[in-house]
Structure formats: C-alpha cells, structure tokens
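Got some structures for you, see below.
Next, two complexes with subunit A in common: one pairs it with subunit B, the other with subunit C.
And then the complex of A and B:
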C-alpha cells in the first residue's frame, strides 16, 4: 500500500506536482488501530530543543521510544537551485548561508571546487590559503562552541550555554574585524579572498587565541 | 580562548549529572556509522580516526601539526569530549597559521578570473577601494570595461564536474560542482554532513527514553540550514 506523496496535476504550464507531507495519515490510521498505550509524539518543528526547525516524529510506548523519524524541509531555501542563476563569484554569497554556523567551510568547499574546474589550484597565493585555514579553524571552534552550548542548554544546563556563547562571541568579533560581518561573510572567493586582513589584526588574533 | 577552554572541562567533563545524561546515550557503533555514512565527531566517537584534513588534505593541511581525537565509547559523551579536544587542536593550527602569515597578495594573479577590486573600508562603509574607482572611472576605459564585464557577467569556467570534500566541524562537507562552460554553474550540489548524520538519529534513539532523544540529536549537532539548504 503506497501513497504517492507528490500528486501530478496537468496545467497549461505543464505538469505540476503537489508535494504533501509524507505518510502521516497512514501513521495516524495505524496508531488508531493499535493498543492505547502507543502514543505518537510530534516534537517540533518549533520545539526549542530540536535545533531550529527539525520535526521529530516519535512513536512512544510509555517512556520508551519505539520508532523515531525526522521530518525535514522546514528551512528549505532553494540555495542550490538559486546558484544556477548567479555567476560563479556570487555563488559564495549563497553557500555561506547554508549551514549558518560554518560559513567559511561552505565557502571553502565551493571555492575549492570552482578553482579545481578552473585549474588554478596551484596559483592561489599562499597568504590566501593560510588565511583560509585560519578562518576555517576559528570557525570550527565557534561551531563546536554552539554545539556544546546548545547541547548543554537542552540538558537544562544554562551555565554552559552562557559560557559557550560568550566564547563564541570572541570568535565572531574576530570575524567581524577580518571580514566586516559576524556571519554570512562571503569572504572566500573563487581565486582567493575578498580582501586582505585589516592592519593590526594578527595581533588581536594572537591575543584572542593566546594564553 | 586558551584560558576559557578549561572551564568547560571543569564545568562539564567530570560533572556527574552531565555524565549520567550523556554516557551510553545516542549509542552508534562503527558498523552503524559506516553503514549510515556518518562522519565527523559521530564517526570518530566510534573509534575511527577519519578526518579529511589527514586522509585527503586540502589547503595545505598536511603541513600543519595537529591530532585527530577519537573516543571508543560510541556515545554522546564521547562526542562531547572529541569536540572539546578538536577546539584545542584548532587553536594549535591557528597558532601555526599566524607564524606562517607572510605579506603578499590574497587573490589569484590571473586578471581574467580575479575580482577586479579588493574591498576597502571607505567613509561610506565597505566597498570597492576608492583608488580603484578613480582608476577605472578617470584614467582607463579598458579597465572600466574589464571591471564591468567581470562583475556583471563573471568569468567562464571550463565545462566539467568535480567533487571537493572538506572536513567541516560536523563531518564531510562535499561540493559537487558542474559547469557547462558558462558564466553560471550548471548544477551545484552539497553533501552536507548534518543531513547525512541526521539519518543516524533513528538508530541512536529507538529503544531509548524520550528525554535521551534530545541528547542524541544534540550530539549529532545538525544545523537545519545545512540539512535543508
């Protein structure tokens, strides 16, 4: 018994598919038939502990989870499709917004790919590569801090949340100094970087990471 | 930052409540990780020291000194410890970066590809440097045409496709870039680690308590902006 989740409909523009939300009806139907102890909990997509808009569909028996599924798509932005309508450099502006906690990694993955197609990997200046590594590692720290901070908050530990965001702020201040923006930098471009470091920044970087 | 990182150890690593909530929760062993394609801290918490910075270096990572932390507990607590250690390793890499910073250009020399102007901070905010604007507007018609063509139309990328993977904090972040030879991408697909790791959620949660689901999802660290794109 399969339900098509995308029903076709003919229009003057061609066939239009209406995408509906999964097999939720089936789940409810089978739940009605089952014994009373079985409950299906729809956690999210706006639950504070579900990392943004993740929807968890949990089938529980008492306190035990018997089936867990996730519903995604609540933050679909069409970034990949949009990339096809902008030039290669403008692409960084889109990809930096994908995983908004790791903008430099998105930019680096995209730009390394474009540079490979252009065949200019060897011509990227050393300074640009070192700065990319520097920014990516700073970004790794800020991303892990958010993970630990929000993970702690979801356990009910608010102190670790405050600590995590406090230290993340140090990293974001550096990003702001270097790129002009705290998030969504679009700083790594195919071919190098959008701009050089502002003067006297490497000292502040050292003092933030130093003892 | 070095001063602040030990605070997490003090606050959480030995904390009995923290440990009770996280140990043996969100269990996924190596076979499960490999079968589901999980990467990043989830995979390393199962004991496999897989890190693309080591196994398939890019951006010169092979020349930096750093360790890849692993755990053999396969649980949320192991992933937490791995993230803490990775932050320390990142600080090590940052220090090596600062030692290596030499003055020089930050954009490729090829004028057909390089963005014509570097950004500069002017009186009205960040934008094209005033020197550059003075040059293209006042002295060289060819430079103005070059700037206009490159900025509005962009450069052409030879037809072909490539898959580039880097190690993001969450795992393998891959970009599949396809070009048809034009000034715009034909298709760009991202293999986002949050998306792939989220598949492991069911395997980690089923059979456990409802409250543990939250811990397991937090240990995967999915970011929905990356999952849904």
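And then the complex of A and C:
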C-alpha cells in the first residue's frame, strides 16, 4: 500500500501501527483490489460477545469467511478427573461451578445420578425434593434474565442489560439467604439438601417478588 | 410424575444374575497408598462389579425394543447373538452391549427401523475399566427416540491393545465432536471419523487424561505456612 493508513512507529518490539482517522473505506477498497487476500485470522481466544473463551481460526478471502475451525478447549476444567479423587459429597462443590448461571441444575443432575447409582431414590425426603424444584425454578428465572440481558447487550442495548442483571440480583439475594452464597452454592447434596430453609423465608420471598 | 415412557411402569423385570462381572477390588477411598490413614476410610474394601446380563422379560417397553431390534437384525441376515453381546437392565435403564464390528449396522437399524426410530444420539462417552481385561475401554452411546419417547444405551468395548471402534458420524453426524472428545480423553480411535483430532487438550498433548492410570497431577500449595500436597498425594486418602 502506498498511502499509509496507519502511521508506523518503530519500537523495540517491532513496528507498531497506530490506526487513526475515518479512512476505513479506503482501507477496505484497497484490500478488495488485491487478489491474494486469503489470510488466516485467529479470532479469540477471547472475545467480549462469546460468553466464554472460544477461539475461531478463520480463513478469510477478503471480507468473506471461507472456512472456520473452532478451538473450544480453553474452558475445559478437568472436573471429571478431579472427582475421581474426591468423595460423592465433595463432588457437589465441583459440579456447581460447571455452569455458573445454573448451579442448582448442575447439582441436581449430579445428585440424582449419585442417588440412582446408590439406589436410594425412594429415601430422599419429599421436602428436599420440593425445595430442589423451587430452587431450580428460581435459578431458571435468574439464568434467563442473564440470557436476555446479554442478548440485549449484543444488540447494543445496554439498558436491557442493566435491567436484566438488576432483577437477577433479587433472585440471587434469595439464594444468599437460603444457601449463604449468591453462586456456587453446593447446597443440593446426595441424599437431600445441605440444610433446611431459614425461618425468615416467607416474608423475604414475598418482598423479592414485588416491583 | 408420569415417566411411564422411560421406566418399567410397574412391571418388575426378572431377577438378574446377582453375581455380575467382578472387575476389581478397591481399598480405601481414592486409590492412593502412600502414608497412613487419617480419613477413616482406610478399612474400606469394595468389590467393583459390572451388572451381568439380564434374562427376559426385561419389563415394560424394553422387551418390545429388544424384539424389534433382534428381528430387524435377523432380516439383515445378522444373527442377533453375534451383534448383541448382552442385554442389561439395571436401575430401570436398558443397555445393549454391541460387538464393535457390528456397531454401525446396529445404530443404523435403530435409527431407521419404523418401530425403533432412535433419531437422536446424544453423544458418546468413554469409560476406562483397567480391571476389565480385554475390554478396558468402553464407549457408551445414549439414543433417544423422539417418535416413541424412549431412551436406551449402547455400550461397545475395545481392548487397550487395540483401541479401535467404528465411527458413528455417518449415522449420527452430531457425534463428530463427541468422538473427537472421547478420542482426546481416552485414546479410543474411531475408525472412519472425518477428522479425528484432539478437541479439548492442546494438539501436542501426550497421553489421554481421563484414563484411570493417568495421574491427576497438581503441585503442592502453601497455605498459611503449611505445605498442602496435591490431592492424589495426600496421605489422608489412603
């Protein structure tokens, strides 16, 4: 390129280009004129809108992505391997972190599996089962609020993001009251729950459901 | 709760051979053996038993699925006894153990037969049984029939010395990444997979981390002045 669209500046790390001005149309135009624009681009391993660490290895022909490969291993945590060296109760502490938006579902799925393996499904107290369902339903609401909030953020709507996270806090406050933690509860255990509801439950739940 | 579709709905299966298949005996809590016991689990002795084959009737819709599968295989001039090594009903779930050379045909039959129609394969999991000599590596598939509302399990085994299992990507295309993952963690080679590469671990990783003989690893951590050893090195666990 004859016209420098970005001013070069020599540093000890090599040449650094500082992109300035509103001349992007010219940049794209000059890129389109060239024939050998098939380049490989690493998108990620971090990207603000990927909700996790995803690496896309893109083959780009001009502005068209002609091939994409996914590198998805960055979020692998080795939880299964770690559980081989823990007992069943300790396992809840790990699985609650698998999806930090739906910890109760992780715990419930894990505990139901353990209980089935032990053959103690009939001995789980009804009250524990009911509380599990109630916690999961609240958790579903809080998880969906984050989904809507971040969905709005991807469209550039920051207001809905603020509203979503604000209302999620009401649910998380209840979780904190019941389990002691906003996230990573490890509250559902093989055989039941870690403990019963606190006494102040009825008024707190009613006030959280208000406007 | 109505889960008639996925359980035996009251019909009790015939008692299965309680002996099962013993593949090992575990002592203590987590297999570590260095140092003295401070956990209270040191005296624990447990026999590891895989459930043995179940005799008919299996109960509920299990018999119907088994009949249809065996009939459909016979129609293709494949003896069911050759393809299905054993049928296990355990904890209200139905598992077919399939000989690996017939896996693709059995899966295709399960998918296409109108009376079976298991349209969805929810992936493949690996299991490593070091004590199950000659069948150390297992691949487990869960098949869901949306038409009939049924869930069954297929289990295929391969010896450690020849860890090859045919790929099911041609039958269930969504198994692509799942088979890569099972290869990545267990070293099971899925023959016929379009691009069997590591998916989670780095491309140049050595070894298969989810095998039982693969160490957990970890380094000692200093906490409040004391050295806390890595989890698989803690003597309290033996």
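Just so it is clear, the second predicted complex is superposed on the first by the 153 of 211 C-alpha atoms of A that agree within 3 Å, B and C clash if a C-alpha of one lies under 4 Å from a C-alpha of the other, contacts with A are read in each partner's own complex, and residues count from 1 in each chain.
Keep this in mind: a contact is a pair of C-beta atoms (placed from the backbone, for glycine too) under 8 Å apart; a residue touches a chain by one contact, two chains touch by 3 or more.
In this text, all values refer to a predicted model and were calculated from it rather than measured experimentally.
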Which superposed partner A:40 touches (first subunit B, second subunit C, both, neither): neither
Superposed model, subunit A: greater residue contact from subunit B or subunit C: B
Partner chain in contact with A:150 - subunit B first, subunit C second, else both or neither: first
Partner chain in contact with A:57 - subunit B first, subunit C second, else both or neither: neither
Partner chain in contact with A:73 - subunit B first, subunit C second, else both or neither: both
Subunit B versus subunit C as contact partner of A:177, first or second or both or neither: neither
Set intersection of subunit A contacts, subunit C complex versus subunit B complex: 72-73, 76, 78, 80, 84-87, 116-117, 119
Parts of subunit A lying in touch with subunit B, wherever the complex brings them together: 41, 43, 49-54, 56, 58, 60, 63-70, 72-80, 83-91, 95, 97-102, 105-106, 108-110, 112-114, 116-120, 123-134, 136-141, 143-145, 147-148, 150-152, 154-155, 157, 159-160, 163-164, 166-167, 170-171, 180, 189-196, 198, 202, 205-206, 208-211
Contact footprint of subunit A on subunit C as seen in their complex: 29-30, 91, 198-202, 209-210, 212, 214, 216, 231-232, 237
In the complex with subunit A, residue positions of subunit B that touch it: 1-5, 7-8, 11-12, 17-18, 21-22, 58-61, 64, 80, 83-84, 86-87, 90-91, 93-95, 97-98, 100-110, 113-115, 118-121, 126, 153-155, 157-158, 160-166, 168-170, 173-177, 179, 183-190, 192, 194-195, 198, 201-202, 205-210, 212-215, 217-219, 221-229
Subunit C partner contacts - residues on subunit A that touch it in the complex: 72-73, 76, 78, 80-82, 84-87, 116-117, 119
